[in-house]
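Note that the chains are named A, B, C and D in the order they appear, and that numbering of residues resets to 1 at the start of each chain.
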Amino acid sequence: MEEDPGDALAGRLTAGGHELRQRVYFEDTDFTGLVYHARYLHFMERGRSDYLRLLGIRHLDLAADGIAFVVRRMEIDFMRPARIDDVLTIRTGPRGCSGARLELAQSVLGEGNRVLVSARLVLALIGAAGRPVRLPPALRAAFTAAPSPDRADAGSTAERSA
Amino acid sequence: MEEDPGDALAGRLTAGGHELRQRVYFEDTDFTGLVYHARYLHFMERGRSDYLRLLGIRHLDLAADGIAFVVRRMEIDFMRPARIDDVLTIRTGPRGCSGARLELAQSVLGEGNRVLVSARLVLALIGAAGRPVRLPPALRAAFTAAPSPDRADAGSTAERSA
Amino acid sequence: MEEDPGDALAGRLTAGGHELRQRVYFEDTDFTGLVYHARYLHFMERGRSDYLRLLGIRHLDLAADGIAFVVRRMEIDFMRPARIDDVLTIRTGPRGCSGARLELAQSVLGEGNRVLVSARLVLALIGAAGRPVRLPPALRAAFTAAPSPDRADAGSTAERSA
Amino acid sequence: MEEDPGDALAGRLTAGGHELRQRVYFEDTDFTGLVYHARYLHFMERGRSDYLRLLGIRHLDLAADGIAFVVRRMEIDFMRPARIDDVLTIRTGPRGCSGARLELAQSVLGEGNRVLVSARLVLALIGAAGRPVRLPPALRAAFTAAPSPDRADAGSTAERSA
């Protein structure tokens, strides 16, 4: 663990993509007593970052090449609320990639693996000038090598046998 | 201004709904040099809160009655990035309300009123037990009295027929 | 206002330094119903940024020269809580500068100008390599030209003789 | 792990108090490429929450009794910056408790256990009306039973005699 503390925190690759557990802290809640809606985007971004990490892609390496992933579009359904102290599971799965675009499904699960939030995302890889950059072969391979979306155990709101 | 500092900060009602100006600060950016994607949801929430405020609806009053608005669904297109020190305009306009649901279009504009982010939202009013609460007549009236969505100067960019 | 929306949002220079009004939104609160303690640092950073802005110093210009202000030390007293919808006044005043260091007093005031939070900060100017950079003469002049700390209408509450 | 996912995420009790590992994500950084200063307060709050958790104290239980911990005072030295993808260790150790007050030392360590941020905090336990509440015997016992501050492996770096 000391040798690679990063990986110990980075969740795990699954048949459907990636899974990460995260705690709800004070900072995630608002005065209604529930988790603030925008915080789920933070949890999902952590999931994406750690998924990429375990696929061998590090933000700093991308940045050194002047490229970065940006979110182009999100569709998010907020179905049930999370609360302070809850332990959430963030599931991320590839749903396709083409050119500079990468599609992902993500979900945030609460106790008993109930789906709290479900999202579809389109990411793009952009270069220094903000222009789209084609996904490098290594990246494309990583996502193609990733388990088939048919397994669909992320972001589906349903049918999980997990 | 001293007499009602709140209203001075709360933006203004427009033909299409509401408009609020906000600055991009350090906290809104990330290491790519751009505004972190989830922060646009914060800017949009500020716009919604101030729109409601100018319609006479205050979160604390709702909370005193055990009710609160929650976001049920968002579709967000992130089209162009904002950067540190930018001044953003957040536009909010009603797109319909029925039962416990309220639909809004929101957009975040940068310099020259270029649309940076465009979103469609479904909000719900929920009671203490988390169950949907019908929009009170006063609230419904406020949104019906609000300018027609035809004016569509908020969140349009996309002529969605949705 | 249209011509310079930035300055309209940037608060105002005062005898003691700078004053900025900001609203408390959902994002600033936590499940206890009060403002989350770390959020006061955001409010204070906004105050510092706008103070510098009105003195003619912009973060992007500094960044273009590879330099940035960083916070080296803070002493913060959290005296009274703020709540959703509150309008806060953030006061910032210089307390001395030497070499690469800049000392500031900041306070966050609530209704009736009651002090909610009071802080002393040491900032440093650092270069690309993270090494301290001497305050440029223009910057030093700006802070020396700034009103005398004797006026002390910012962050005082504590009669610090520093 | 499935049985008690919370504890698996909650770090561990140490001779000096508590230790928690956390990753730096996009949300923690700003446009200078470094971690935003206020984010270290988030990391430290997570450490405190998990320390209390492992001592058997849960925020929701406190809240059910109408009480909550609030930060009264912080002294923070920001010594070295953290960056995206870094794995941080947050150390928390008790430094005394009396009446309604609890003193803690906290530090955030980076690679090679170098101290990045060091802090002294005073917390208070407050009741519903915002008034100080004496630490319950169980709480006091927990902190007294906690390892002696002499061990001082948290937040020391500075041997403050304060």
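As a convention for this text, contacts are C-beta pairs under 8 Å (C-beta built on N, C-alpha and C of every residue); 3 or more make two chains touch, one makes a residue touch a chain.
Being a predicted model, the structure only gives us computed values, none of them experimental.
*Asks:* Tell me which chain's centre, taken as the mean of its C-alpha atoms, is farthest from subunit C.
*Replies:* The most distant chain relative to subunit C turns out to be A.
*Asks:* Could you check which of C-D, A-C or A-D has the same interface as B-D, with more than half of the contact pairs identical by residue number?
*Replies:* Repeat interface, by the over-half criterion: A-C.
*Asks:* Express in whole angstrom the distance between the two chain centres, defined as the mean CA positions of subunit B and subunit C.
*Replies:* Going by mean C-alpha positions, subunit B sits 28 Å from subunit C.
*Asks:* From the C-alpha centre of subunit A to that of subunit B, how far is it in Å?
*Replies:* About 26 Å separates the centre of subunit A from that of subunit B.
*Asks:* How many angstrom lie between the CA centroids of subunit A and subunit C, rounded to a whole number?
*Replies:* Each chain reduced to its C-alpha mean, subunit A and subunit C end up 35 Å apart.
*Asks:* Tell me, which residues of subunit A touch at least two other chains?
*Replies:* 26-27, 31-32, 34, 38, 42, 45, 59, 63, 83-84 - these are the residues of subunit A that touch more than one other chain.
*Asks:* Please name which positions on subunit C make contact with subunit B in the complex.
*Replies:* Result: residues 5-6, 8-10, 21-23, 25-27, 42, 45-46, 49-50, 53, 58-60, 63, 83-85, 87 of subunit C touch subunit B.
*Asks:* Name, in rising order, each residue of subunit B that touches subunit D in their complex.
*Replies:* So the residues of subunit B touching subunit D come out as 26-27, 29-34, 36, 38, 83-84.
*Asks:* Across the complex, what residues on subunit B touch subunit A?
*Replies:* 31-32, 34, 37-39, 41-42, 45, 59, 63, 68, 70-78, 81, 130
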